[in-house]
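Chain nomenclature is as follows: A, B and C, assigned in order of appearance, with residue numbering initiated at 1 for each chain independently.
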Amino acid sequence: MTNEYIPFLSKIKEIVKHTETEYTFRMTYVGEVRPGQFFEVSIPKYGEAPISVSGIGEDYVDLTIRKVGKVTGEIFELNEGSCFFMRGPYGNGFEKENYQGKELIVVAGGTGVSPVRGVISYFGEHPDEVKKLHTILGFKSPSDILFREDLKIWEQQMELILTVDSADDDSYRTGLVTKYIPELELDNIHETAAIVVGPPVMMKFAVAELLKLGMKEEQIWISQERKMCCGLGKCGHCRMNDTYICLDGPVFCYSEGKKLFD
Amino acid sequence: MDINTKKLKKNAFRVSKVRGLTASRVRVPGGCCNADVMQQVVDIARKYGNGQIHVTTRQGFEIEGIHMEDMDKVNEMLQPIIDNLQINQNEAGTGYSASGTRNVCACIGNRVCPFGNYNTAAFAKRIEKAIFPNDLHFKIALTGCANDCIKARMHDFGIIGMTEPQYAPDRCVSCGACVKGCDKLSVDALKMDNYRIVRNEEKCVGCGVCVTKCPTRAWTRSEKKYYRLTLMGRTGKKNPRLGEDFLIWADEDTIVKVILNTYKFVKKYIDPNAPGGKEHVGYIIDRVGFAEYKRWALDGVVLPQETIVKDNIYWSGIHYR
Amino acid sequence: MGKRVSSDEMQNIFKILQKSYDVYGPKIYQGTGCFSDTDVVRYGLLNSWEEIVWNQKSDYSFKEVLLPISETILYFTENEMKTADGAARQRLIFLKSCDFHALKRLDDMYLKNGAEDYYYRRMRENTVFAVMGCKESGKNCFCVSMGTNRCEEYDMYIFQDENGCYMELKCRELEELLWDYGQNVQEKPIFVENNEVHVEVPEKLSNTIHQDSMWQEYGSRCIGCGRCNFVCPTCTCFTMQDIFYKDNPKAGERRRVWASCQVDGYSDIAGGHSFRQSQGERMRFKVLHKISDHKKRFGYHMCVGCGRCENVCPEYISYIECLQKLKEKEGK
């Protein structure tokens, strides 16, 4: 009988600081993992926090962490070479089969970019697996922008729209991500797939825009952020209707996901 | 008509403003009586009174409009009430044997009220049994919790129910209901630390709010019941004031002994020239000094270890004189 | 077929059981109620056969024996984690049929919903269950409506009446222990067949029931204390807590403690967002779980009809009344 609650120690290979409160920690990890899944990271005495996988390599996973609480506050004190505890990965994550061969639209806002970073990078590096890749990323302000290094690469690889809610200088596109959805030039709406991840309100309106374009609910995938505590379908906090987000989600096809309510 | 008004008053009747008419004062210790008593009061009011009954501030009934010549008959009719309420009496059929020591009042207490920390009426009756009949002017009130609905602090002796909250950490779910309750409804004596509750024992007034708020029985009441005894609150012309804490976390026996000791103290120190032989105990202590009173009050009292005794008491209130 | 045992014999049997098991059952905790001079009936280690409370349902369910309110799951020093030891002895739990049905819900949640829960499994494996036959229905019981009034899969059945006890043993270990006791008789286990309260669970609620205005009314009444969850034998939610020791800050433990979907903070996520902020939404979340959502996932209703939530609510919010309201709205 294995004890799923026992975490393993993982070493910080590298830290990328995006903003003062958002760092990506590259953690040693060998094993199966998909973008959109999450780990419970922990610092003993402070607790656990669910963090979604923002990047995947042969011997590592990237965890982009926002400093918002006790645990993440402690993690931010750590340096490269030190360790913290992890258990997981949990959840279903994004399955690339759902998007292969299609024109893929990724719409993400704020820290919602983390769970889709792996998807964007994968199809950026394997452009032949999708017909075309459109990415719309939104952040509050220029100082909130994550993955700047990736953005430079993605710009070359795909059609990338980066927007901020507001900015002091005019070198940035401004406005909500929803503003740019109608402007997408799509070859064939019936052969598209979309991924939408971000704050609840943003997801709601972004999906509405995509539906307006003529996409079907079955073509859209969303990721639900809820309180994850055990990650094992036991603690109940993440439940919506008959669904345990940590087991059955967080990624849902919108036709299913829309039926869930809090 | 030849009436000894002193005897009349001692017999719990009143000299009213209407010549020849009196009123009978029925004491109900703890303010708790059954319907039979009520019916008997009604019967007296109908037969010998004018049909009016005043519900007194001291939780008695004052049967109005009785002719002074009917007092003996009224006393006979009072007997079943006196028996029912188990009031001590010198001679059956003669009504109340004293009136100086007033009816012992109480809020409804834990018979009904969710906040009450003990059976106030039962304790009131115990005190009544211990002190009545007595002509000395004592006012005693008991209240179930620190809300003090009976206004015990305006009495010579105020008895405020307390419980020492017992915390079982392994039943605590850190919901914070007790912390919030203590903050909003009481004295903010609870804090959450390390997901567990820490009680500031010095601040805690033993009101029991945490116990009523706790959804898992992590907080329960102490097996022992505790009381805060406040002293010498009063109304009146000269210096109305609230009673001050004397004993905190005291037990029932101690309180009964302190009250009885106070009777001895008053007998010793009461001004022999006081008008009508009536001097309030509070003024006697003001005159004699608290230190001397305390010596008398605690004479022969074995206090529970946890009882806090105030070294000194400084009353305030309004001084009109 | 089972055995008849006299009251005297039952005391001996109890002593024998105590040798092999920690015996738990509903008992009176005097003076520990919310209000002064009130008692609580809840589960605890039994010291004698007489301690068991038969004539009323326990205020809190048996679940705290299997799922402690606060359970240390890991001990840690700075870079090491260690699984907390489990209970050393086997347990025998006396419980009524409704609670025995609740056990199935706990099993499904902790053993089948995702990976097996190590701590529950460990506890469950070492526990046997003795179902106490109810002589009569309790206050606000509606087990018959929920189909939980009868059960069969118990390890032991026991019914107490004026003549002593009727006992059935279904597990080998107990059979061997109690072989020599009692008279074989042809009796049948007795279960309650009627309740005063009947509940018709709405099976065809509309998809928009969560938007119904009925929930708002609860929002103004519910105080979010969580008692309904804590007394419920089928509520299983918990929260993890890490603590460090005051005298040795380098060491500490990770615990899990009961959680309530009615209490503030239940759905808060890091960064400040929280779902279901009103008590009305929380009431809806709970009630629909009990009689709709759970069935969609597991194929049967979560609620066992024990009526404890009905009895405990300090604001007199009636779960039974709520189900009736839902029934009236069914199909509309």
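Assume contacts are C-beta pairs under 8 Å (C-beta built on N, C-alpha and C of every residue); 3 or more make two chains touch, one makes a residue touch a chain.
On a predicted model such as this, the values are computed, not experimentally measured, just so you know.
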| item | value |
| --- | --- |
| Both-way neighbours, i.e. chains that touch subunit B and touch subunit A | C |
| Chain nearest the overall C-alpha centroid of the shown protein atoms | C |
| Relative to subunit A, chain with the most remote C-alpha centre | B |
| Pair exhibiting more inter-chain C-beta contacts, A-C or B-C | A-C |
| Geometric centre distance via CA averages, subunit B-subunit A, whole Å | 68 |
| Whole-Å gap separating subunit A and subunit C, where each centre is the average of the chain's CA atoms | 38 |
| Cα-centroid distance, subunit B relative to subunit C, in whole angstrom | 45 |
| Junction residues of subunit C - those touching two or more other chains | 239, 241, 243-244, 259 |
| Sites on subunit C touched by subunit A in the complex | 73-74, 76-79, 81, 83, 109-110, 113-119, 121-122, 207, 210, 236-244, 249, 252, 254, 256, 259, 261, 266-273, 275-276, 281, 285, 288-289, 293-294, 296-297 |
| Subunit C-touching residues of subunit B, taken from the complex the two chains share | 110, 114, 116-119, 144, 161, 163, 169-177, 194-196, 208, 211-218, 220-221, 223 |
| Subunit C partner contacts - residues on subunit A that touch it in the complex | 1-7, 9, 42, 44-49, 66, 68-69, 72, 83, 85, 199-200, 225-227, 229-230, 232-237, 239, 241-244, 246-247, 259, 261-262 |
| Interfacial residue positions of subunit C with respect to subunit B in the complex | 29, 31-37, 40, 42, 60, 68-70, 225-227, 230, 239, 241, 243-244, 246, 255, 257-260, 263-264 |
